[in-house]
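Chain naming follows the written order as A, B and C, and within any one chain the residues start at number 1.
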């Protein structure tokens, strides 16, 4: 009996071990890649117009979706929040509810997810396509480092854009919350803003939100350029790399968010 | 794709002593070179010499390892064994900085052009100049227009690559390959997929530029007709080995079976028609109980 | 898209991005309103501070005059020592009473100040002598039950008066 089970179990163990080793190798390679991208940073900023161009493509072109989503999320928060708060007669707390939810969590996280799916996938597809059409090899053969010229500017374009996008998301969300809460529902504007200002602190609420968006920007941009640079040079390869970018970046955002929230807001408000 | 070697911050290619080329040595020499992708052997003991100033064609069926030879010369791959040298310098042993300095003396034409799609034709050709020299913009402009004129596309200078036909894109890529007056130009399937007129144009350009600029050209192709018209020497590669070589006259007159199959385009011969498979009869009648 | 147009848009993007961050910092958050107004510090001891938190408001007649800066437990007297910062423009008498209140049923807990008639004012580092601790609901209930039990099988006629009296007594008991 055990003679029959053992080979099957051994094979399964071998598969698991192999998967873990592969994941480890990929992680090690990704870390080296990250270091290489950081190393080429001075090059990316020497060719500042390249990085500016990438800020345009990652940041400016994401504005529409970020602002609209922020507005809608803020409005929904306001509606749902009012419904629950009014049951306890605490509807004056609506401003602080909307503001804290957005600034601490929803701003960085949702804009990070949107950024990953819009800008992240575009970056991966672009780099993957350049690889497929041998543009990256051509650059190498012309003695120009593609990491410095193609990868690093896109990475920094993403990292720089994210905090601004997250802040804009939160700002528009609060504005949306104001529209619904004060104008539509009729909560007192003074209470709305006053409670908010009293309850939202620059440190830790706003600063932690900014830190989170920086971390998310780094994670998404790194995953996007990594997947693009290492995509298989075929149509299927590029498309699966793009999908992987969105999935891995989204999961990373949520996981990192949890870890950071534990450290940032654990007991920060309690005496 | 492995991480690329770091580029040299120095903009003067001649300044790097590690890549001083020997003017007396042949342009490219491969001595008993072997290479394998993981476990699959691709090249098994290749020896070839490419003299300066000549055009040499490397011919073979698809997948015979021709492009691998180009990558070995360019330093993208390291041979498993054997020596790859350019101008007397052993390429695989170069430091990353020296390798990048050496590459500035190369030009490469990729199969479908590999033009940078986010830049115009003008900017594509100006790219190596702007990256590796401190030329003022007026000089860059003059040089770019000169190169474009040499390939007959000066009027297309401000088009985007997406607006070019296949043949035009190939010619622009050629202009880019010679932008810095290289000593060695490598052509990866320059004739693939072109109409007869473009074929003739590209072939003529390869010959004329080689002679006018005194460069050495290595052409990897399987277009026999065009190659025989313009090259000085041919190597035939099959299954990782060199099976034949000679000048165009020798090749045309050759009685070697492989050369004859290639030149005549015969479907069956030393390169078999049938992919290895078990006996036809056995397969058809298998599992008939 | 030519370079100057891209530069313009990136400039606009960065500008409104910074604007949003500033908005969040100042209007939404309280970056400048806090810790910038000069003030003086006073301390007060309480039996129980209830749900008083750091940075809780200090109000007099419902007007915000300062913030709670720190709370600690005095290990000798086992009382809560609250240090608060009061804005310089508000002066309070030495016999001010500090009490812990709740705004509304679910509102936040704050320190209320009732000024007295003493001619001398509180200075930086002074102590508020009279304080009123937070109303702890459990003590209120147990007091009520105790009073109910002690008034014996009291007649139902005095049933209405008794709870009110007991509540008043419990509140009395909660005072220092």
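We take it that a residue touches a chain if its C-beta (ideal position, glycine included) is under 8 Å from a C-beta of that chain, and two chains touch if they have at least 3 such contacts.
A quick note: this is a predicted structure, and the numbers were derived from the prediction, not measured.
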(message) Closest chain to the protein's overall Cα mean, using per-chain Cα means, please.
(response) A
(message) Relative to chain C, which chain's C-alpha centre is the most remote?
(response) B
(request) Express in whole angstrom the distance between the two chain centres, defined as the mean CA positions of chain B and chain C. (result) 80
(request) Averaged over CA atoms, how far is the centre of chain A from the centre of chain C? Could you give it in whole Å? (result) 39
(request) Round to the nearest whole Å and give the separation of the Cα centres of chain A and chain B. (result) 42
(request) Over in the complex, which chain B residues touch chain A? Could you list them? (result) 1, 3-8, 74, 76, 100-101, 103-104, 106, 108, 110-112, 114-117, 127-128, 131-132
(message) Per the contact definition, I'd like the list of chain A residues that touch chain C in the complex.
(response) 49, 52-53, 55-56, 59-60, 63, 88-90, 99, 103, 161, 163-165, 167-168, 170-172, 174, 193, 196-198, 200-202, 205-206, 209-210, 269-271
(message) Using the touch definition from the top, list the residues of chain C that touch chain A in their complex.
(response) 1, 3, 6-7, 9-10, 12-14, 16-18, 20-21, 23-25, 27-31, 33-34, 52-55, 57, 71, 104-107
(message) Under the definition above, what is the set of chain A residues touching chain B in their complex?
(response) 32-33, 36, 39, 130-131, 133-148, 229-230
